[in-house]
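First subunit A sits with subunit B, and in the next complex the same chain sits with subunit C.
Up next, the complex of A and B:
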């Protein structure tokens, strides 16, 4: 047995979710990403003396939404606290957060790994504010500070140490991203930093009850990095233990360039945050009525949507999995089923054509050029047997995208693609084909039934794809077996 | 709690202050007498008394999620000890590995 197999990986996460509000947590600065540096600021976000923060009511609403979706208990009263530390991108010298009593307690997120469901327990969710951004330039003796992000509202979701592998971390983060998108509290964009996670990683021998000493890897802003960082860190800790050493509790930074983790600060600089109650912000009281109201307006949850796609619409696991991945796509499907009841065909059209088209053209799926009513006619055209499915997809759909106002039937007629079930037309073709291949007819009649495909192909060719397959098949068999 | 050199040096670090020897001595005396006073208060029986955190009983002082007036970049940077017209400029805060 390999030495690494003796150990179990234990991971807990702190996920920072940047809330999709119009304004900041404690003042009316814009939260829009990508603005000119230091333009979305005010005396409050700059931490000028004598200013007073005032809480954005949406931050409470979003916290309760996420808390209910994760089966948390919502605290009837919660408080804000100050977390004190000096850093250039934290203008006040403290971060406003919730330490004593956060707004949501407990709960879990279901994840699926290798087809098995696992409930990852949530320790709590608290409200806080983001810091600004520091930029470091190798060539300059300075760091550059942009405070546009300072004070943007965050929820921090802290899990129990329930995750056992990088794959489970991946599943958890994907689940969280999908959930916050469904709930419309965050765009879930890790690349832009809307969701970030810190990973607390430790190892212990299989069967051990006590957790090992843990290290925290900070600010992983992509799943690819998180996976690599965890793999590196697990190996580092096991190697250390196997060599007779011990793991020290540390805060680590992961460098995607070198692929290694390294201590973020010296041990003697270990943080002492000296939390104390934030006197500028009064307690947050959430009534039962408020919670009931948020619950009543809660969006369909992703895992409920998945179940619905499978049971209500009879979609395969594969199709349902793709459609529910993105809330907009799932909603698009639901809307589509109102105008066409061939659910499988609706799903196919979305998965194979509409969604890839929108991704390629960077459109939201709702902006697909052809209206669903017209797309429904397209599916009916195939289902009625008037146009072969392959023909419809290859030739009619592109024209529909170019000319969204045109009816699919009209396009099919223009392109001369209407399949014929006209018996005279088909009979002539079948007779021609049979007359042209006397040897094959003999072979068929002697038992080489596989030749039927050949005859079908010939008729199709002659009809330029317009022969309706079912009628043609019947007619051919009838003639050949006569 | 005893106010000694170790504590003073820890506080200096946390507060990002660099004190002179004289200032350290003064601070040691001041802090000791403040702590003495607090210790005196601790003689009171506060069993069953909730700590007073908020001086009035108001809760949920909230604002709606709307934008308010922001500062211009020029005004935002105006009081900074150092800036380059776009960013606040500070001494480098991390050591970049070459």
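Up next, the complex of A and C:
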């Protein structure tokens, strides 16, 4: 193990964020995921002769949003370039991208690892279009091409080599996913390919100044794969160095089946992409007013939300962490606090019941059947002492979900769950219980105070759950200790 | 049937009832038939043109005010312009059998004004050439002398107008491909400013140079055609949003102008002495008419061609990448895998000149050569732009020969590409700068072939250029038919 401990892992990421625009980057084709292959295509996305790109302005707004959130400098003028290469899923034989001067420069994303904040520096963010999808079937001599994805707008976020472990990569990717969801620029779904990343991995001895030779692992579309790929690659590179060899700059593919990385191509036959200015698109000009406008309309950022939940609403780290993880849930909480000010109770209800229910039924949280106003009444019912909390959760809430139009109080009454604070009623019950258990009363009076619970239980049983616990408790103690 | 040289005379006869669209189409189809050996057309849409003519005649009969401004205009389009449901091949084998799913914006606008498209015309493959000899469909011949080239790359369109097989024709001009063949064939050839006419539906060669132009017998037809085609287009981000003036209504000219000519051009060693003499005679005549015509220095002339070929081939190498045999067009039957599909389809599909330019363009963009060639050429372009705009601070027009000489013999230039490239020396400047240029007939050489003279003006000043041109062909050098 010590051999591996001698080395430090250095990772830089290229994260591809597929933008949630209605149409593609340079034409009107739909970007909806999961359609029949080759149905979201047109003359433009097929690269037919005579077609030209038609800029979808939305992608610029999205890029500026992400750039502002990541503290990037927004380029007042940026350019599109062509990246030339041949592949069957690249209809024009070139990809429209930004090479010379991208739209966002610099910036950072804060991540938290082991409770400590780390700022991962961003090198730049550029806009580009996606390629189509190639499907290779071993049983067939042909490959299949789906061009639905060809031309879908992407942002590529390129980091500095600031990450030091697979855990940090995980934290970065989670942070990015959460951020793009908050900003509503991408659904952040890695499984559907909405977010993918290439990892540039190298190792060096601790304390070394120079970075080691790096390898790029392409197209990791799940965090699980990314972690395994990085672990494998780090070990491979250290083993190579320890055996007296050297790491060669390569582009690697990770096979999730075998867990092994293997070269796609090495430096010698690296592509010469022959970048040059895209003559069909004018420079992208972003005015100060435009940036100010996007800034003014920028959604609350996740880390700001987290802080707000803790300080403004006094939630525990645990509760706040759960609520801010998903923008919709956090927003649901914020809305909830407008109709009920018992923030802790609101958070509990969301965390323990509403969110799990929505996940189970695959509903967005906003679609929870019971209105927040009614849920607020539910919390008030408990807070007023009319219904025991456990009773409310177990018996009233299920009925509310079935009959969202019914008021919680009405349900409580129907189910006969209103707790009694009527002293006469309680006194009769308490007297009955004390009379029925003289030896236990003696034991209590001799110091076995734990028996109070037993008496409470007996009273509850007799009241069929309607005895209000606080008053009952007081009355019992008074009688027993008299 | 008379040989019409203006749409207005055709429309007068249509109104008088002495001709009809059907009669016009039949006339032009007969002309096409008679001049078949010139090989001006790649495809003739005979039945369709007749049917459309019938529809238009009926439309006119039922309501004379319902027809468009191009009622009676029978036109042709270069085989690099898309026309929905029709073949478009750029005169290349690689697009054999390909049909476009849409119409070029310019074509669509002409159709909306009731133009009848009679066919698509031959050209150099992917508009690369100055002779029309690189066409997959064989060379087009000059109607003035079928042993001569028509010029290129829009040679088919030039000959189509020259031989009276249509009223006017659309070509494209990347480095002179409208103006040079116009000069070789004795017709008018207009290249508008870059960004004036949408390139959507034009098969790209050099995207930052390409522009759709028009061949016609009259300035008024060129003006009307441009007026209809021009204007911003959401499908081409390089189009200007500048308003399009009614060029055809602005052809009156009664000013005294300041005209510059480049000494380096008029005294260029490649210039035919007789062409030079004709240009000089022209200059004297303009002076006699009260215009100021002055020789100016422009020492960048010899840098234009090299810079132009670096930049256009670079863009072309990328623009032509889409012709890969995967989605449409020619796919090699010999290919066993993806790489071979590319290699063999493109080897079989492209001709020699196109391959030469793809390789040149790929080279100048390659890592390690980019700065020496592409970057350098871009700097030269900016310098030429700047110097040219400076000229227009003091002058209204630049006068220039349209070509160094007259049409040369078929088959004499193809083996020496550099000599052929140098033939563009007087036309490329307009494309480098993005300004409009027009080639006007200037009589005949002693060898019997037409000569052309070119005028250029500042960007988006087509109205001024056309008005001057109209004056020129009426007062200075009347067109002999």
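Just so we're on the same page, the second predicted complex is superposed on the first by the 478 of 482 C-alpha atoms of A that agree within 3 Å, B and C clash if a C-alpha of one lies under 4 Å from a C-alpha of the other, contacts with A are read in each partner's own complex, and residues count from 1 in each chain.
By definition in this document, a contact is a pair of C-beta atoms (placed from the backbone, for glycine too) under 8 Å apart; a residue touches a chain by one contact, two chains touch by 3 or more.
Not measured: the values here are computed from a predicted model.
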{"item": "Touching partner for A:88 - first (subunit B), second (subunit C), both, neither", "value": "both"}
{"item": "First, second, both or neither for A:28, with subunit B first and subunit C second", "value": "first"}
{"item": "First, second, both or neither for A:135, with subunit B first and subunit C second", "value": "first"}
{"item": "First (subunit B), second (subunit C), both or neither touched by A:36", "value": "first"}
{"item": "Touched partner set for A:279, first subunit B, second subunit C, both or neither", "value": "both"}
{"item": "Contacts of A:51 with subunit B and subunit C, given as first, second, both or neither", "value": "second"}
{"item": "In the superposition, subunit B vs subunit C on subunit A residues touched", "value": "B"}
{"item": "Touching both subunit C and subunit B, counted on subunit A across the two superposed complexes", "value": "43, 46, 48, 54-55, 84, 86, 88, 143, 145, 272, 274, 279, 281-282"}
{"item": "Partner subunit C, residues of subunit A touching it in the complex", "value": "43, 46-55, 82, 84, 86, 88, 91-94, 143, 145, 272, 274-276, 279-282"}
{"item": "Footprint of subunit A on subunit C - complex, ascending", "value": "81-82, 88, 90, 95, 98, 100-102, 104, 199-204, 207-208, 234-238, 314-315, 317-318, 320-324, 326-328, 338, 342, 362, 365-367, 370, 374"}
{"item": "In the complex with subunit A, residue positions of subunit B that touch it", "value": "10, 13-14, 16, 53-56, 58-73, 76-77, 79, 82, 84, 86-94, 96-98"}
{"item": "Residues on subunit A engaged by subunit B in the complex (per definition of touch)", "value": "21-23, 27-30, 36-43, 46, 48, 54-58, 60, 77, 79, 84, 86-88, 134-136, 138, 140-147, 255, 269, 272, 274, 277, 279, 281-285"}
